[in-house]
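First comes the structure, then the notes that go with it.
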Amino acid sequence: MSRGPAARPTAAPGGAAVAVDHGDTGHDGTSGAVAVARAGRVVALRAGPLSTRIDTRSVAVSLVLAALVVAGLCWSVTVGDSSIPLSDVLGELFGWGGNPDSDFVIWHLRLPRILTGVLVGAAFGLSGQVFQRLVHNPLASPDILGVSSGAAAGAVLHLAFIGGSSRAVTVSALVGAALTVALVNLLAFGRGRSSYRIVLVGIGLSAMLNAAVAHLSTRITLNDAQRATVWLTGSLSGRDWSYVRPLAVVLAVLLPLTMIAARQLRALELGDDAAQGLGVEIGRAKLLLSLTGAALAAVATAAAGPVGFVALVSPQIARRLVGTRAAGLVPAALVGSVVVVFADLLARRLFAPTELPVGAVTAIVGAPYLLWLLARANRIGSNP
Amino acid sequence: MTITPDPPAPDSSAAPTAVDPVAAGPATGASATATVDPAPRLVAEHVDLRYDERSIVTDLSVALPTGRFTVIVGPNACGKSTLLRALARLLTPRHGTVLLDGQEIRRLPSRTVAQRLGLLPQQPLSPDGITVSDLVSRGRHPHQRWFRQWSAADEAAVAEALRGTGTAALADESVDELSGGQRQRVWIALAIAQATDIMLLDEPTTFLDLAHQIDVLDLLTDLNRDAGRTIVCVLHDLNLACRYAHHLIAMRDGRIVAEGPPTEIVDAALVGDVFDLDARVIPDPVSATPLIVPIGRHDKEHRSHAEPHPHPA
Amino acid sequence: MPSTGGRIAPGTARRATVLAVLVALAVAAALASLAVGARSSAGLDDVVRAVVRYDPAVDDQLVVRDLRGPRTVLALLVGGALGLAGGVMQGLTRNPLADPGLLGVNAGAALAVVLGFSVFGVVTPGGYLWFALGGAAVAGGVVFTLGTLGRGGASPAKLAIAGAAVSALLGSATASLLLIDAATLDLYRFWVVGSVATRDLTSAAAVAPVIAVGAVLALASARSLNGLALGDDVARSLGQHVGRARATAAAAVILLCGGATAAAGPIWFIGLTVPHVARAVAGPDHRWLLPFSALLGAGLLAAADVVGRVIGRPGELEVGVVAAFLGGPIFIAFVRRRRIAEL
């Protein structure tokens, strides 16, 4: 398995390329066939010049989580002001016939709402994973980067000066979130390349935006103020297919982008110097990562408001389930979906018939998590 | 004695020769072999290095000998780490250029540089809970693409690196739980896995106890001899530097005071010039390289019994 | 006198002069606050007469005394408390980024106040003051502990992140409560914006005792803060009781922040920027730094209130908004300029 003498570098004048085996020739023998090599829980898949590495436990955990999401979704659909039997739900969803009476409730009320929750949870989970690894801090989360404040500011500005339907307000919220993200990146990357700088600038900008929101809230009617308050906490009420479709499309684009950008995280986590030594253009990599992470959060916030704590908690839960530091994006996203689906279930039924906003429930989940982090403080060697 | 050699032209027409691992060790002095040394691949030309407006290094030119173990020494804040960072492309010179294989290092793509030049920074950051094999595998990053994430060569390089540093048994351990010496070996394994010809190390032995310092330096010597890698180290211990270096660069106040084989350049005068330290320089009884014996204020009283003039080693 | 990086630690005489200047500035700000209004400005002689020889028949004097007087007093009181709290906080946490808003103290007070409004029906400043104090204490404690986790202890960035995370949590809970309870929202939204608009002295009178106690504790801990700045180990070896010093300083911060927030709502960045300016003139010695911070804070908030009234004519821009929009850019500029080391 060691490199033979042919690969030993020779010093040639003028700087010839180093003769190190890049794997192009492939030591796995048959090119064209897929070779599978296993070492412990890591499985390497190779086909010619293509290769990837899969962690078996990560895959197993992801499958279980996906099953949980589906199960949670089905259960959530059965539950509500009018309870629908599971057989009917499954019948409707999988097409083996169900009860036409519950058709409307399932397809137009509950399913889109819960699907929105699934997608929002995935987006937040992904976003949180990217930021926590980028900033080397388990408390880093897009919530604090100005995304939520930007969305709230956009919404309130709209309500104060334009007024109008919820749909239009959503668009303004998205614009607000996107502008804020752009501004944070502009300000944070002007000089130097510290990951903390993004977060701190985000905090500062959030404070200003929150002040603006607070001021405008005193200028508008109580009714509008209530509508604005919705943007201060996440809620899935009234989410129909017009939310699900754009969200799904955007996520389908962002997910592969994020996965490609996230490759650089493996080097960035080692510190700026080591990352540069490994050939990463750190300014560009950090910018790309923070933009994709922020885009995910912005889109999710526009769809459901700032559902707090999903982005914070999901990566940590995923990490604990998968068992290694290198917990990937997919488990984090799936955990996010699970959290939101079950939180929404609680939110809808806990104080039935009053519906809590899902953000309230996730905040309540977040509190014990923070306390648990506190309790861990006594253990030595924990490195944020 | 101040030697500032002109850097050789980057595209020298000297015939390429296989790198000759130092046959008899540094004790016999450099250039003891009859072969022509290969042209330096990493060269700094008239560089000015600054942090904000504070000038650290001024008009410095140096050519790092290929296939040799070079050590940069000097007092605190002399610019040795700054120079290393500039050579590693972490710092852009205000004036002058750094050349790698004849091309401006700044203009080369990062990946290309990372495939030829490896860096072990001071106090590297290990992510919480990472295993040894995971950390070392990250050294393969410059050779990987999004579609080629874990080739057979990658796996081989990591295994080889772990074996070479004697850390294969620790492969599934968490890096956090290793001792300082073990952790440094793991980081060196990462640099080995990166499979570069040139390795730059910024104070790899600081914070290690003596046994581990020797361990690390022996390991670097192995890399230099067995694989012909060019090693460039910043060390703070002058005696260890003399013992291990083929080529020593002594800096002070942002300038090179002397460079060359330790046996040729290190004497009491140099130690005085560079470190403001009175010393006697004697041959190291183990390696015959220069051994610096410092003379403190309180020792001067005893000097009256010694020879009045210290001989160069 | 030793000179450190461009900032000169002046002699006592010089500091006393600066102190006098700051007092004068605060007085000037107060006078401006009395004179300038959202609708009209009173002449200086009317202002002086309103204070000294009050004649309610004169319209201008009435406005000065009854409308602007109370808010000026409140602005001075709250500004002073915030400036002082910021100075103590920064010394206590050894963190140049400490601010009641940044460290979650504001969010804790806000949630507690909302709970007071909605659950307990407490709507007077004197009443919800106690909620604000409790909320501030709990939030501050949680943030400080979270920010200290892991290798390297408490660093400025880690504390700020911890503060933001806790603020987000509390903010979410607060927002949820507000969504359910419209009446509370109607009270809350006028409080949370941060305003010193008040028609009488009841708010000020309610919080004054608490702020006074906090101020006394703060000034008393000045000496120990000087010691803490050198690090716990060094402080202990110099004979200080580190735990006790910390507790006193923390109590001072909570009383000052809780009182200020209860009276005027959460206000950002005063606690952050004022001590930095004060340090530039007073040096790092807390025995001078803290009184300077208090005076600067008082003057600054009064001035911010004036600015808000002028800009917002014929209405007004609340002082919390002005403080955020002045302090925010300063904070961001500060963050951009400093080299924040990665941990």
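Just so it is clear, A, B and C label the chains in written order, and each chain counts residues from 1 on its own.
In this section, contacts are C-beta pairs under 8 Å (C-beta built on N, C-alpha and C of every residue); 3 or more make two chains touch, one makes a residue touch a chain.
Bear in mind the structure is a predicted one, so any value in this text is a computation, not a measurement.
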| item | value |
| --- | --- |
| Chain centroid nearest the full-protein CA centroid | A |
| From subunit A, the most remote chain by mean C-alpha position | B |
| Separation of subunit B from subunit C, taking each centre as the mean of its C-alpha atoms, in whole Å | 53 |
| Euclidean distance of C-alpha centroids - subunit A vs subunit B, Å | 43 |
| Chain centre separation in whole Å, for subunit C relative to subunit A (CA means) | 36 |
| Shared interface positions of subunit A, touching two or more other chains | 136, 271, 381-384 |
| Sites on subunit B at which at least two other chains make contact | 125 |
| For subunit C, residues contacting two or more additional chains | 342-343 |
| Complex contacts: residues of subunit C adjacent to subunit A | 97, 101-102, 142, 145-146, 148-151, 157-158, 160-169, 171-176, 178-180, 182, 185-186, 189-190, 192-194, 268-269, 317-318, 320-321, 323-325, 327-329, 331-332, 335-336, 339-343 |
| Touch list for subunit B against partner subunit A, complex | 10-14, 16-19, 38-39, 41, 66-67, 85, 88-90, 100-103, 109-122, 124-131, 134-135, 138-139, 141-144, 146-157, 159-160, 172, 176, 194-197, 227-229 |
| For the subunit A and subunit C complex, residues of the former touching the latter | 135-137, 139-141, 143-144, 148, 187-188, 190-192, 194-197, 199-201, 203-208, 210-212, 214-215, 217-218, 222, 225-226, 229-230, 232-235, 271-272, 306, 308-309, 312, 354, 356-357, 359-360, 362-364, 366-367, 370, 373-374, 376-377, 381-384 |
| Subunit A - residues contacting subunit B, complex | 1-3, 8-16, 18, 20-23, 26-28, 35, 37, 39-40, 44, 46, 49-53, 136, 260, 263, 266-267, 269-271, 273-274, 276-281, 324-326, 381-384 |
